[in-house]
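In what follows, a single structure is set out as structure tokens and then discussed.
Note that the chains are named A, B and C in the order they appear, and that numbering of residues resets to 1 at the start of each chain.
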Amino acid sequence: MSTLEVRSLHKAFGGLDVISNLNLTVPPGQRRAVIGPNGAGKTTFLNLITGWLTPTSGAVLIDGQAVATHPEEVTHAGIARSFQRNLLLEDLTVVENLRVACQAFHPCRRVFWRSKREFGDLFEQARQAAEWMHLTDILEVPVTHLSYGQKRQLEVALALCAKPKILLMDEPAAGTSPQERARLIDLINRLPKDLTILLVEHDMDVVFATCDIITVLSYGKVLATGTRRDIQEDPAVIEAYLGRRHARG
Amino acid sequence: MQVFLTQVLNGLQLSMLVYLLAAGLTLIFGLMNILNLAHGAFFTLGAYCGVAVASATGSFWLALLLGPLLPLVLGAVLQSMLLQPLAERGRSTHLDLALLTFGLLFATAGAVEWLFGSAFLAVPTPPALAGHVSLLGISYPVYRLFIIGVGLSVAAGLTFVFDRTLLGATLRAGVDDRAMVTALGVNINALFAAVFGLGAALAGLAGVIAAPLTSVYSQMGITIVVETFVVVVVGGLGNLRGSFYASLIVGMTNAMSQAYLPEVEMFAIYALLIGVMIVRPQGMFRNVERVA
Amino acid sequence: MSEEVTIARTTARDDISPAAQVRRATFVLVGSAVLGALALPWLSTSYATTLAIEIMIAAIFASGINLLVGTTGLVSLGQGMFLGLGGYGIGIGTTVLGLPLWLSVPATLVLVATLAAAIGAVCTRTRGVEFLLITLAFSQMFYGAAIKLRLTNGSDGMSGIPRPDLGLLGLNADSPVVFYYYILLVTMLAVAAVWRIAESPFGSVLAAIRESERRAAAMGYAVSSYKVGAFVVAAVTCAVAGILQSQYTYFINPDSMSWQLSGEGVLMVIIGSTTAVAGPLVGAAVFVLAKQGLSVLTTEYMLFFGIFFMLVVAFFRNGVVEAFKSAFRSKP
């Protein structure tokens, strides 16, 4: 059970502040959604947490410990993420994708003199990760041949292979059909309860079905944080989404 | 001091020669994302065209006019008939196209050797540009000054076209966003072919004007194109202005090492390149990150 | 990511259900190839033995390049520099420094590995065509050095490079047949070693980097150190080919570091397809035989090398092995 804490995070591109003075704490085991209008800085926010971008100032902490600044170190620190656009090892099979992902945490990862098949425990771990995301039937299929929904599931499964303390998901439901979305909601809800989750998502059905607490970003600032009802009644949020007139009325 | 001054001028002359090649290579890379390793072939073709025309007619000026013409046509044909269809077939990435043009570079060198033999040929310096002028206390060949003049004119011309004309604006837009330019109704394939032809013609021009200075042989393009690659990487792939400054740096490095440190002459510019790559892998003059 | 190299396709398809069949077929194929190779000097002419030696040396070179190009997805046009460094290494070691061969060879390989780690650290900061250009530049630098330096005897090259002394076994390596078996042994070891590396946990990280560098980093791999690792292994393998080449001809000159030679290596890899274990072997065989055939037909080698190269890249992208396989595979 781990806490994700973001302290006065700031990111400027040139003169433009994309994220300014952002503070956010996700307590252990919470499922937190981050929503916001397009351009609110959601993906930038994830990239800052995971080391793909370097913050201008501010810090990211897990259980009070500062997280390193390179993507691979962030993963080792216990934060794993999925990407908004699929980033898969397209020409390899599903099981090989998962096995390589698990291998990053295995002492054998730099071994070059023995066959990868000698490390059977990795295949076992890969199968477990596949089970979480319902991929066991298609283990031997090369990723190129998967449906889009299956690829989205694999995208999350790869992050799970890192056995993260904190899982970040960047629009897992982006581009999926209603059936695929329903399945994804179900799978996310079945993830271990002690896993802290931060979900960036546009689709409100997914957000409401999976998360307890929602943080609304707008122009790189936290507009509101609270339950579904809290934010639905928050005038600042309504204004950000619908404009000033509706906020008054 | 006089040696130094001579070397500065030599360096400038070499820079301009390399710049003519680098400008075309950079334009082609910037616009089409094709690393044309065969660029040196157009240099060779220009030079041999110059040899053929000059020996047939006795006129260097006619050679100067016709030399770039063959590369212009061949370049446009290569782009529109071979590279573009392959790129559109989707199977070939720009790395594949780079390898394809690698083959073309050697095929051209081989074809030239087959047609003209492996002897070293020469083009006489045109009488109007023969002789020396005295300049700041040294005597310097007029012809080398002529090369410097051609290079600077081309640089000025390209800068003008690029910054001030509609064609230039279209090209700049094409570098930024190819799809948008197509959406604006520009026939992008014709534009690509034209730019490829222009780049090839510049390489051909370099070949013709280099002919009276250096010997003409089948692999001359292979030698110079590697120096050109150094220039375009140092200048930042696809950056026209950067390639001008990088040409100056590379040309000067070459000329100075030739004069003062002959033992490092063959690899001074590569050491320079490696230094640049360590400090700034994206090239010295590239400020805008390419989206990977 | 458009920069992601697409030269390579699938590698590990070993867990497909008819895998046992494939494995048996492979075993039979490899077994008969080894038997055939062992019997070759007794079955055929000395000309064939000579060709076989050239093919095997080329195959080691291609295996090294394939680890970089096929497995890791880094297209280098500078691997000739390591081939040359291998030859020059033992050349300088034995003829200039007067060291015994058994010391010169490991010393050369250690030096090449060290140098490759440094060069790799610089080169792998780039990707795609920039990687191709910078590896090319490095090889041109060494090419220039080999021509300029007195140590390497300039463009004349170094001669008198010794073959191994097999006197203890009662053999003389100057005999073509004995040398053939020596090359065969080293080739089998080198190809098996490269294959083992590609199939290892380390090798699977290289494949992941080829498929998506960003994903590999997100998985938790320090991508650049793996790329440097691949660069070093490839360099050492190419240096082994260079050592054998220089022993075969008793000679090394700057041409072994030329741009064209590096290109020939990449061509062999493409011909053989980057996906198959046997790819570099097949590619080397096709290339060496084609080169021999051409030299009989014409003196214009360069013209046909260029055209051949273009045709292979344009129309034969996935290699002959892949073409062969897909011809026999019923597509689902």
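Simple rule for what comes next: contacts are C-beta pairs under 8 Å (C-beta built on N, C-alpha and C of every residue); 3 or more make two chains touch, one makes a residue touch a chain.
The chain lineup, named per UniProt: A = Lipopolysaccharide export system ATP-binding protein LptB.
As the structure is a computational prediction, the values presented were derived from the model and not from experiment.
Novice: What topology does the chain contact graph adopt: line, ring, star, complete, or other?
Specialist: Contact pattern: an open line, chains touching in sequence.
Novice: Going by the average position of its CA atoms, which chain sits the greatest distance from chain B?
Specialist: In terms of C-alpha centroids, the chain at the greatest distance from chain B is A.
Novice: State, to the nearest whole Å, the distance from the C-alpha centre of chain A to the C-alpha centre of chain C.
Specialist: 42
Novice: If you average the CA atoms of chain A and of chain B, how many Å lie between those two points?
Specialist: Computed from C-alpha means, the inter-chain centre distance equals 48 Å.
Novice: Just the number, please: Cα centre separation of chain B and chain C in whole Å.
Specialist: 32
Novice: Can you tell me which positions in chain C touch chain A when the two form their complex?
Specialist: Those in contact with chain A are residues 8-17, 196-197, 199-205, 207-208, 211-212, 214-223, 229, 233.
Novice: Which positions of chain C touch chain B when the two form their complex?
Specialist: So the residues of chain C touching chain B come out as 1-3, 5-7, 75, 77, 122-123, 125-130, 132-134, 136-138, 140-145, 147-149, 259-260, 263, 266, 270, 300-314, 317.
Novice: Flag every residue of chain A that touches chain C in the complex, lowest number first.
Specialist: Chain A residues touching chain C: 50, 70-72, 75-76, 80-81, 83, 87-93, 95-96, 99-101, 103-106, 108-117, 119, 140, 142, 158-159, 161-162.
Novice: Name, in rising order, each residue of chain B that touches chain C in their complex.
Specialist: On the chain B side, the touching residues are 29, 35, 82, 86, 91-96, 98-100, 102-111, 113-114, 218, 222, 226, 229-230, 232-233, 237, 263-267, 270-271, 273-274, 277-278, 281, 292.
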